[in-house]
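Before any comments, here is the structure.
In order of appearance the chains are A, B, C, D, E, F and G, and numbering begins at 1 in each one.
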Amino acid sequence: MANVCRLRLDVLKPHKPNAYDFALALSQLDATWKVVLEVLEIDQSTESICLDVVGKHIDFEKIQAKINELGASVHSIDAVETNGG
Amino acid sequence: MANVCRLRLDVLKPHKPNAYDFALALSQLDATWKVVLEVLEIDQSTESICLDVVGKHIDFEKIQAKINELGASVHSIDAVETNGG
Amino acid sequence: MANVCRLRLDVLKPHKPNAYDFALALSQLDATWKVVLEVLEIDQSTESICLDVVGKHIDFEKIQAKINELGASVHSIDAVETNGG
Amino acid sequence: MANVCRLRLDVLKPHKPNAYDFALALSQLDATWKVVLEVLEIDQSTESICLDVVGKHIDFEKIQAKINELGASVHSIDAVETNGG
Amino acid sequence: MANVCRLRLDVLKPHKPNAYDFALALSQLDATWKVVLEVLEIDQSTESICLDVVGKHIDFEKIQAKINELGASVHSIDAVETNGG
Amino acid sequence: MANVCRLRLDVLKPHKPNAYDFALALSQLDATWKVVLEVLEIDQSTESICLDVVGKHIDFEKIQAKINELGASVHSIDAVETNGG
Amino acid sequence: MANVCRLRLDVLKPHKPNAYDFALALSQLDATWKVVLEVLEIDQSTESICLDVVGKHIDFEKIQAKINELGASVHSIDAVETNGG
């Protein structure tokens, strides 16, 4: 079945939870997902991060829901990589 | 038989479907195709993306038809890689 | 026997055939040839492309004849790689 | 269990202990942790360093406590990499 | 016996023979030699090329003689790599 | 036991001993140590060098003592890499 | 025994012998030495070259003597790499 194996998101998050807990929370969504979080910019109340999720059947909606739950928001989808059907 | 194994397209797409669903739809065209979608620019109503399709017997017309069906358009063919006859 | 294993050409082509069909036509010249076509510039009526042909016994004249047949022209030979005699 | 396998911190440290002893102290926190310390800037009384801790179950709080114990402070979390749950 | 295994030359050649035939002629000098020719600049009557000859017992004089025979000239020796005695 | 496996130092040395003898003297401190010395700048009476010592249980104090013995001085510790406890 | 396995020298040489013969002469000093010579600059009467000698027990004095014998001079030692004692 066609599935997404890499998803890159531009995310705006508050300082809490910190990047460590934020990444850990996302990686608990699925045992096959590797999460790579790079902090691009830190402002007074927010942090702009680049989030790569790599694995099998990466589920954007599931990730977006978790991101919102953590008080952050997806600014944009920057890259998507899929494996064939 | 000579066949295209890598095709790079410059595509202009509307915000909906998002890049995640757009890439997934294209990769369902053929089980051997890997789709790598990079969002280059986001404007008010469109997104300019670089689309790499890698696999066997990559069929430009089939891809172009799907792209149009998704409400987007091929701006240009940027690169083609083939294997011999 | 000494033979050319990689040939890089700077080619000027009309929009038709498109880069996809153009590359496919060239790769049908020989089962061992891989064709990598990169579109460098697109003008109103022409496209400037970088063409790499990789394989065994790459035959410049055969390629040039096909290029002309497709309505394009070799602007220059940019690189040649050979294997010994 | 989801765990962090790479953590990059921006740390401000005093000149004592020196970077050698500082890195050694951190790497004693866990047998699986590799510590890579790069000194970015040296001022009159402090040194700004980039600290990468790589291994299994990297524990930010444990590292932060040790850093503070050594008289330094975490300026920011710059990158986090996790393995799935 | 000490021998040269890579020789890089800066060569000035006329348009005829073209770079394809020029490289092929040089590679016929020795079955072990690979010739990589990169065209750096094309002027009205000459082409400035970078010529790498890689193999065993690369013989500069033999190559220089062939280059002159083809109506070109060695502008400079840019790099030499040898294997021990 | 936690140990340092790579140490990068910025060192200021006099012209004598030359960089060749300087590096050789340092590498005699321990059979497992590889020394890579890069000369960054040469002034009238001194040379600024980047010194990488790679191996097991790299001992900063032992290296610093030898550097001083050779008439040079450690300007700064630039990087440290350790293996876990 | 500690020994130098890579030595990089900045050398000023006259046009004769040419870089080809110069490199060949140096590589005859020892069967284990590979010589990589890169011509950095060519002036009216001299050539500034970067010389890498790679192998076992690279002997700076032996190389310097040969360089002087060939009418050239070592401008500086730029890098040294050693293996432990």
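Quick note on the criterion: a residue touches a chain if its C-beta (ideal position, glycine included) is under 8 Å from a C-beta of that chain, and two chains touch if they have at least 3 such contacts.
If you're wondering where the values come from, they're calculated on a predicted model, not measured in any experiment.
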Discussion item. Need the graph distance between chain D and chain E over the touch network, please.
Written reply: 3
Discussion item. Need the CA-centroid distance for the pair chain A / chain F, whole Å please.
Written reply: 42
Fill in: Distance from the mean Cα position of chain G to that of chain B, given in whole angstrom
53
Worksheet item: In whole angstrom, what separates the CA-based centres of chain B and chain C?
Response: 23
Worksheet entry | chain D: positions in contact with at least two other chains | none
Worksheet entry | Running round the ring (origin chain B, first step to chain C), the chains in order | B, C, E, G, F, D, A
Discussion item. So in the complex, the part of chain B that touches chain A is made up of which residues?
Written reply: 18-20, 22-24, 26-39, 42, 55
Worksheet entry | chain G residues within the chain F interface of the complex | 2-4, 7, 60, 76-85
